[in-house]
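Here come two complexes built around subunit A, the first alongside subunit B, the second alongside subunit C.
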Partner chain A sequence: MVGWSVRYLRLLIWLQWVDRRATSSFIVGITIQTAVLSLGLVQLRTLDAPAVLQAAVRASFLVGTALCALSAMSAFQNEFRYQTVWQTARDQRVFARLMLARAFAMVIITAPALLVPFIVATVLLGATVSVGVVAAMAFLSVVVLVAFTHLLTTGLALTYDPARLVPWIRQVVMVVALGTVAFLSPEPVRNVFPFVWIERMAVPGELWRSAGLTIGITGAWWLVGQALLRRPAREILTRRLTDNVESR
Partner chain B sequence: MVRSLRLLTRIGTVPLVALARKQRVRGLLSGLVALPVLNALVLGGLYQTLGGAGFDLARFGAYWPYFIAVTGFVAGVASWELELLSGLLPAYAGRPLRALWSRGAYVLLSSAPLAGLFLGIRVATSPETYVRDAALMLVATGCLAVFGSGVALTWGFHSDKGINNLVQVAPWVFALGPARSSPRGWWGWRGSSPPGPRTWRWGRSWCGTGSTW
Partner chain C sequence: MARSDPLRTSAPGLILEDAYYTIPKSRRGSARPILTGACLRVRPGERVGIMGPNGAGKSTLLKVLAGLLRLDSGRLINDGYAVTDPRWRYQRSVHLVAGAPLGFYPRLTGAENLRFMAGLWGQDVSRAQAREVLARVGLAPEAAEMMYAKYSLGMRQRLHLAAAELDHAATVWLLDEPTTGLDADGVRLLHDLVADRPDRTYLVVSHDRAFLEKLCPRIVRLDDGRLVG
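So, the complex of A and B:
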């Protein structure tokens, strides 16, 4: 285990890409999806800048939350499937770091699709929006998605059937945390999640406060999630390693 | 006659019974009712509730053609999934009625929730046209389901990912379609009154005002 070297991360990114490429719907779906969402953005261009950028954030997370769940579902299981767990699980800290690195790699290969809505929004809005603000929003979206994917990876390690849980988690994020269905998402609940704060960065004068809150809330979620999930995940790992040992 | 009808019913429902056994009632409720409804609501609200605007059910309901088309198509495609997984497909060789019956039962079951949702919204928001809408929904679901199951039959059986790929890609391909099925179908600025200059508000928007939710 090379740890945090750039070379190792590049290897993981390449592996993730090969994994995803195997699912042909990944490329086809992601391309058409991004095109359709961008076409939708074009139709919104008459709105004010914060609303268009909010739409870009939503489009980005609609694609991102679905795709990164693929990695979150398989990162833990793949260690067992490919029998690499015996190397990676020697050191718990190394294993935890590997999960984070895999989440990061997944977000990196998804990044082109995540960034397209922001680029389209910037082009549409022209001079009415500063490129720096949009870049900051896009960057924080990516950071939030890494934390989301990592938490999801750890959380899904605890479940027996992640494929059944993932659609629900994703719908809850889209409906409640992002507030796409306004009547199902009370404002106070929405504010507990980092997503709406990224959207609010586009509101004039709200940039720094919203950016700070995005980082703070994401960090808090990540720390609390890790504190709660790490130990059970470790237990599951140990249990799976010793499962059926007698009958081997 | 009665015996053959009974036989037909039994054969037609075998995949459905297998589906229910595999997923249990809870799995069916979440997979065929709750998640598709939430999915449609997310797509409908994605670009509609921007800047603190409420979720307008009437506007969402006006775009039922897109959602019904996708649901019918996906139901037709997905109706083969169980046959594919369980290797039942050869059982239908030379028995078109049998295949048709089990397709129909699955399509009815899986497109009923969304059709019900949109019909409910239509009844509540534009009661003068809902009978016509219901008839159109039925016809559209039937046509698109036949189309979907045909597409799956000709294209999707080469790998176990085939069906899943079609199901995943269908909503986005349909969104590129004409008129009401195009992207504006979900958020529909053009379909309804153009958005005037709106004030930017983040406050208590979720409970809505007036006709919006």
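So, the complex of A and C:
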């Protein structure tokens, strides 16, 4: 198996962009969501820095997880829909790598929207916040989202109708993991998701510990997810090829 | 290098032995046996046509030969590499030209689709190189920058041939109804492409007997799950 060049990765990002751009709701949705959530941040400007940055992290993930869930849903499905799978799945190791690359590409094209809340928070907080800390939080948000998208892509490959599952996954992420509804998201539950640890990076003295936990928890989620899902996903891929589902 | 590889199992060429394959039962229908003890031996560089009645499973046979569908039982080997090779070398040695109308991303241009496919096989193809290959299959420069969704059936078929041309590792081409949508020039081009590479092995499924007879010195028939002739 040969490595992929930067030029090829750029092509994959382009492929992801043209696929997403074609969905009429993508650009409109991403713009409205980002604008509304950023305006929400402006209303919080009287709060202290950790509280504003916490809201920025949530705003970023509310947009990012929604977009990436849609991408995760279509990455696998479209290979069958367009029947490109006859080439992309010739070597299933290449197929697995393609799914990871598409998760990465999706986060890259979502990145401007992810970064806006952090930029707004930095502007609002001015000298009371370290740009380095905000940059680290934004960077780890991107890393977490790549892992989330890839895990979701692998997981959704297991179902024949991912469109039914995605709204539920979104609700779980939004309500439980991001803690938008406090009584449904007790502290111990939130702690097993990486999102909360990115928020805590803004608390003075918590930067390194929280960054370490973000990376550790994300890595653990990804590794456990891959260990549990990779094999069944391969079997599903083989079964769907065998059934030739989309072309019948 | 390859000769001493302990995973290589037999002589060169494509070998299908005592192959059984059944399309699994689905929500829409019952299980359907496609191969019932089929055998085929193809020497390196040989051109074999495959005919058979509608629904006999010719396209499915090509997908089996491409290593995409798993045999229920039997052996499938190309140049010594079994289809079960853990490093997927069998699949890398066989290129399925599944044919129009699908097979590419509709919103990418012809050149972008080619670069995408070639990249999967480890070849970093530039835009200029992609255009060159497209020109070789008769797709004008403006077609290179046109979205695949806007391609005519014949143009799509030519793009499939261009993609196969870029797959340098494949020693076997499996062509499924390659003349679909092609005009007379396109069919001539296909003949030329095949003639230019006598080292390559071709297995061609077509309903066009005259075309097959011209292209392939040997024709087999898929009948009741077996290859005869």
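To be clear about the criterion, the second predicted complex is superposed on the first by the 240 of 248 C-alpha atoms of A that agree within 3 Å, B and C clash if a C-alpha of one lies under 4 Å from a C-alpha of the other, contacts with A are read in each partner's own complex, and residues count from 1 in each chain.
By our rule, contacts are C-beta pairs under 8 Å (C-beta built on N, C-alpha and C of every residue); 3 or more make two chains touch, one makes a residue touch a chain.
Model, not experiment: these values are computed from the prediction.
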{"item": "Partner chain(s) touched by A:75 [first = subunit B, second = subunit C, both, neither]", "value": "neither"}
{"item": "Partner chain in contact with A:56 - subunit B first, subunit C second, else both or neither", "value": "neither"}
{"item": "Subunit B versus subunit C as contact partner of A:67, first or second or both or neither", "value": "neither"}
{"item": "First (subunit B), second (subunit C), both or neither touched by A:201", "value": "neither"}
{"item": "Doubly contacted residues of subunit A, that is, touched by subunit B and again by subunit C", "value": "none"}
{"item": "Complex contact set, residues of subunit A against subunit B", "value": "23-25, 28-29, 32-33, 35-37, 39-41, 43-44, 46-48, 50-51, 54-55, 58-59, 62, 164, 167-168, 171, 174-175, 179-187, 190, 200, 203"}
{"item": "Residues of subunit A touching subunit C in the complex", "value": "1-2, 4-5, 7-8, 11-12, 14-15, 18-19, 22, 78, 82-84, 86-94, 98, 238-239, 241-244, 247-248"}
{"item": "Residues of subunit C that touch subunit A when the two form their complex", "value": "23-24, 26, 28, 60, 63, 66-70, 88, 91-92, 96, 98, 102-108, 112, 115-117, 119-120, 122, 124, 126, 163"}
{"item": "Subunit B - residues contacting subunit A, complex", "value": "27, 30, 35, 38-39, 41-42, 44-47, 49-51, 53-55, 161, 164-165, 168-169, 172-173, 175-176, 182-184, 186-187, 189-190, 194-195, 198, 200, 202-208, 213"}
